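By written order: A, B, C and D. Residues from 1 in each chain.
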Amino acid sequence: MSSLITPIDIASTLPFIVLCLFGMVVLLLEVFQRQGQSRSYLAYVSAVGFATAAFSAWLLMGVEGQLVFHDMNYIDGFSKVTALLMCTAGAVTCLIAPRYLAELNADRGEFYALILFSAGGMIMMVSAADFIVFFMALELMSIAVYALAAYVRSSRVAAEAGFKYFLMGAFASAIMLYGIALVYGATGTTNLAAIGQLLSYGAASGSVDPALLLSKVSEQGALAGAAGYDTTTGDLLMLNYGSGTANMPLLYLGITLVIVSAVFKVGAVPFHMWLPDAYSGAPSPVGAFMASAVKAAAFASLLRLLALAFFDYELRMGPMGWVQVTFFLALLSMAIGNLVAIAQTSVKRMLAYSSIAHTGYMLVAITAMGYGVGDLDLGASVVFYLFAYVFGTVGAFGILAYLTRSRYYVERFSDLNGLGYRYPALGVAMTLFMLSSAGIPPTAGFIAKFQVFKAAVIAYGAGVEAGEPGALLLLALVVSGILFSVVGVYYYLKVIVHLYMRDPVREVTASDSGPARVGISVCAIATLVIGLFPGPLLNLSEQAMSQMEGRHDGVYVQYEDGAPIEDLQRLMREGSR
Amino acid sequence: MQDIPIYEFTLLGWIALLPLLGAIFNGILGARLPRALVSTVAAGAMGVAFILSIVAVWTLFQGRFEGADGHTLYGALYHNVFTWFEVGSLRVDFELLLDPLSAVMILIITGVGFLIHVYSIGYMEGDRSWWRFFTYLNFFVFAMLMLVLGDNLVVLFLGWEGVGVASYLLIGFWYEDDEKASAGKKAFIVNRVGDFAVLLALFLLVIYAGSLSVVELREWASTLSPAQVTALGGVLTAICILLFIGCTGKSAQIPLFVWLPDAMAGPTPVSALIHAATMVTAGVYLIARLNFLFVLSPTAMTLIAVIGGLTAFFAATIGVVQNDIKKVLAYSTVSQLGFMFLAVGVGSFFAGVFHLMTHAFFKALLFLGAGSVIHGMHHEQDIRRMGGLKDYMPITRWTFLVGCLAIAGFPLFSGFFSKDEILWYTLANVHLLGGVNLSWFLWFLALGTAFLTAFYMFRLYFLTFEGECRADEKTRSHIHESPLAMTLPLVVLAVLAGFGGFVGIPPVLGNALGGLPNVMHDWLYQVIGPGEAFFAYRFEGYGMAWMSMAAATASGIGGIALAWLFYGKPSDVPGAMAEKAAAVHRILSNKYYVDEFYAATVGRGVTLLGRVCHRLVDELLIDTLLVNGTARLMGFLGSVLRVVQNGQVQRYVAFVFLGIAIILYLVLR
Amino acid sequence: MLSLPLSWYLMLSATLFVMGALGLLLRRNAIVAFMCVEVMLNAVNLTFIAFSKYHQDYTGQVFVFMVIAVAAAEAGIGLAMIVNMFRHKHSVQVDEATLLRH
Amino acid sequence: MGAETIFFFLFGGGAILSTLGVLLSRNPINSAISLVVSFFFLAGIYAMLSAHLNAIMQIMVYAGAIMVLFVFVLMLLNFGDEEHEKPRLNPTQIISLLVGAALLIAMFSAATAFVDGSRQVFHPSMPPGFGGVEAIGHALLTSYVLPFEMAAVLLLVGIVGAVVVAKRRF
């Protein structure tokens, strides 16, 4: 280690640093704020913070992708693009919050600070190169969001939602940690890319030159940080994983626990139970933040995790590889999410279940990504879907927040009756968000669904060509996905029906907040513009996927028995000396 | 096939944009503006769009030249608005394309659309949501123009969804009425069922053809070798059938036709424009547009023909027993749409589009006439309580009669020509399904439909306009002819319905009359040529063609005569005759026996299929599963959720724990 | 010294982990349920430390250090939530928090 | 049976028994005390595994700070006897017990199947100072400086969050 921290280290984590700095600034401003003064300017300060972070991420687009901070973190296209996503969601959340908080007598600066810190955690999570950073970032994000969920102390519902969310989250964290520990035990490293390379090597045998493999492994610089290789006498026992004597239950146990808890975070059925309670119990702006930014971060990091560490053919397509798991989770999520959403009377809960359904659609793309030979570029459809989804969701929650006034929460469908005429712009915006969520052109959601299902059909085509078994199941997944999205139209339409085709039962007055108007308009315009001109964003999401550093497409060799393992061990030993 | 030149033409963008601008203007400001301004803007936008369409079509016409095979070609006009998205090799341009086929369509859409806008000014007078109506109507026209002008199938799909949304909004326009609101919902959901099939077809096309642009698809299809076609056979059939499923939803064919009769809940101009003249014909348009693709799958083609023929026939039988003036027209629309699908299914894309056009004229006319009647009789729709209206509303009566003659296929009226073409091609081409040639079967089906059509349409005419007025005194005192804004479009449409058929004189007549050209066919040849090239006549000479025409004419006139016999004869049958054959007299004078007969035989027997569809699709799928069934679903979900989502966090953890255990078991077993 | 098989330590940690998970599932007192999460975290730490020694690699131990820091932060937040809930309901019974359902 | 085995069973058995105490004692205060005891036993195990710094951390941070916080809250809320819950089992809980047992079996078999029996033991020689303050400290401030810094932010968020959630008044 020549130097502790290099300038590129600092530069690459600039978005995170900026967000943390703004978080602290907001905390300090809050300290010097007198009681009873309005804090809504802090919303602008935080929005500026997010804009600065997004801008720094944008500036870093030009930097070549690489490992930084002693192989702990990546600076690459993927982390920067997803950082933009998180910053947008965070900024809009901050904009819709102030008047809502003031109406509930909870207007405090800590809210914005927590949002900023949490977004910082997300940015680190999607750029993590090591399980340690991944876990720390996950906790940084989660702990801030736990606090936000229970932020409105006067609300009994929020208190309960926060507690439940926290308890489930802590449980999931423990599960994930146990999984990480087992994976670490089985491979000897916590570096994501190194794990991926090692697993892949273990599954391989026969036809590749171990020296070539080793050079590829060290090109990535991944193994350099794995101390197990350069300090010991060289008993590389972790390489026992392999297809011949294959089964290494500990490793599979660990991987399963890690993937399951990651899937828990995105809220896929059957690990979804926390989600409706958390989204609907939390204050609307926090619901918006959870449904958009947190979910986006969880999905993006799931992509990173799968692409770097667990993309080996055996792991994906083996007798019970994760493709099968995501297949069923996708199917269940689409089914349960859409069907249960129909039965809801609360818009917020409906949005929560619909968010589960969206999880299902994105899992379809992830299944497609992992299917067959495995085409990581198909993950771009998930990134694009996240953008479309974030705007639609944060906007819809934002409208609920915008309509909430002094302790009367606008949550039920009937609260929206006739509002389309009373607030025409708001009605149009809500209609746009619903159409986008339902996937009706020309909104962003249509292109997103198109991309996701197209990805699955492409994977099906490639699977048929490669003679993979069960390719037809993938097509069945697409068919059921489209059918369930037809079901979904019903409840999105219900919102529009209530907006325009029911007479108001109660006078709902909007809180009439300027920042919220800005935030909602941004989402509405983005939803429409992305729908009409999706080109740049499609390019951006493709770029994100193709420029993901350390992604597992170096080694695709299939070994048939464990023979060359000894060779590799020898080579590595020699190489490390 | 010769390459078709394409010219840039910016005006196309404006044709589509004008109705959208009208919709946006009225949507935002309409509530605060005076009624006259709202309607002027809406109808004005349509009028200008119509004029621009004429200009565009004229420009297209000017560019004609003689193709390599001796046919006149016109090329195409395009305007690339922008590149919508570009992913990998797939590039979706938001490109508008005007070729002879879309030229016919935009003339119908903007022309008939303009007339119906004018008519609506009279019809919707006094409605409190006047501006909303015109906003939706303009928006519909915009979406419909997207559908027919889009070169890319994704743009077409955008219009396809857009017309669905507009139709939903307009059917449920009087949403205060729950039944009407749910009719709108039903239409939308049935259409979504079809839309998903279209989406799947698009995905398959992306994979196998690599493009969704019609121009490029046509190139792709023309370069396929016979061996490739054989290899791709299953996929091509799947694509065609999936597209056709979408068409059955949008164009109300078996089994998805159930939404259209309910859609009559909307205002009558809407029924005329959307549910008769334009939107429901989108399916026919799609198949004609992609004819080069469909002909590659004979199975799909025959299936389309059979479904179309059956729909035509069964909808006609249902039409016979309806008593609601709009319901009769609705089933007649389903039936005529079946005719069009029969036409495209038997390989005569020209006849399909030709009938689409004549149908747009006479069905819009009939609907508007019905609207005029309903307007005049203060929202009375039951024909059993009408009669004798010819004295009260002469213009409506005469125009309506023209419409009836046209749809009945009375010689030299527009319907005569298009229907004859369809019958002829049905007979002349070979349609194999499972090795059996279905030509004669389909031909008789179509002939029967023609007969039934003539019969129920004139039943409608006689019951409405002839005989004694059966309305109560109060209503009768108010019956009046409609205002000029409504009668003017009727007259214009009556002229079109009367003489519109002469653009498509069949070769058999044309030859006999000294070489009159089939203008319509020549005009469309550029688009439908590749499709038609796949079929060859079975018969030499014109003998069978004369036979077919004679049979069609006879069945049409026979239907009219029978209707006159049952419903049109003066009620005072000479007494002498009554004495001689009292029983016959009783039967003849008591025309209700006929209805009872139909109710007993046709109503119960032949309409079984219709009922099965109704049960399966409407009641089971839509009502039970989606609309009313949500209550039951909610109950069921509630009981499940009470167990799962009971609010106890420890139970949630337990389920997560269980889920992990199950997955681990599967992974580690 | 140091002759025990690795699997013994792994089995010990697995036992503790499952005990913690079951405690979280079965104990109705929120604070005790939360303590069980700490038990689970400790089981994880034990696994990390055993593997760390097995691989002679510091990563595991560093991870444990981080887990302890996270546990501290989680404890702060979690106890604050429990206090907050107690203020509303005057009870910390987990199964009484059922305002949100279906 | 060497000294290590004895210590293993002493500490391990003690940890399991005291964790059982956490699960089974009716009074939350007793649970908390049992948990502290369990932490001490685990610290012993850590020391056996050459994780000296972590053993100390375990006692200082876990037992000394975190558990004190638990006890404070227990005393603050002071719900006394009403929280003495009756042990009762409903179907869900029976299922979870079964699932727990199944998981335990899976983990045991996975643990014993990890590498073949002959190589199950630890390497006899350890690098000097393994697990000591210097080694871990060096690692924390070089390779792992990023997570280390993030831990700082995390703790700040923990404090702010706790204050936000638990403060009595705005």
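Operating definition for what follows: contacts are C-beta pairs under 8 Å (C-beta built on N, C-alpha and C of every residue); 3 or more make two chains touch, one makes a residue touch a chain.
A quick note: this is a predicted structure, and the numbers were derived from the prediction, not measured.
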* Asked: Which chain has its C-alpha centre closest to the mean of all protein C-alpha atoms shown?
  -> A
* So how far apart, in whole Å, are chain A and chain D when each is placed at the average of its C-alpha atoms? -> 29
* Structure fact -> chain C to chain D, mean C-alpha position gap in Å, rounds to 6
* **Geometric centre distance via CA averages, chain C-chain B, whole Å** => 66
* Structure fact -> Between chain A and chain C, the Cα-mean centres are separated in Å by 25
* Structure fact -> Where chain D touches two or more other chains simultaneously, the residues are 93, 96, 100, 103, 106-107, 110-111, 114, 123, 127, 143-144, 147, 151, 154, 157-158, 161-165
* Per-residue overlap in chain B, given as positions that touch at least 2 other chains -> 638, 641, 645, 647, 649-651, 653-654, 657-658, 660, 664, 668
* Sites on chain C at which at least two other chains make contact -> 10, 17, 20-21, 24-26, 28, 33-34, 50, 54, 56, 58, 62, 66, 70, 73-74, 77, 80-82, 84, 94, 97, 99-102
* To do: Make each chain a node and each touching pair an edge, then name the shape: line, ring, star, complete, other.
  => complete
* Structure fact -> Touching chain A in the complex, chain D uses residues 106-107, 109-111, 113-116, 119, 123, 127, 141-147, 150-151, 153-154, 156-158, 160-165, 167, 170
* Asked: Which part of chain C faces chain B closely enough to touch in the complex?
  -> 21, 24-26, 28, 33, 94-95, 97-102
* Which part of chain B faces chain D closely enough to touch in the complex? -> 650-651, 654, 657-658, 660-661, 664-665, 668
* Structure fact -> Interface with chain B, chain D side, in the complex: residues 92-93, 95-96, 99-100, 102-103, 106, 110
* **Touching residues on chain C, where the partner in the complex is chain A** => 10, 17, 20-21, 24, 30, 33-34, 37, 40-41, 43-44, 47-48, 50-51, 54-60, 62-63, 66-67, 70, 73-74, 77-78, 80-82, 84-85, 87-89, 94, 97, 99-102
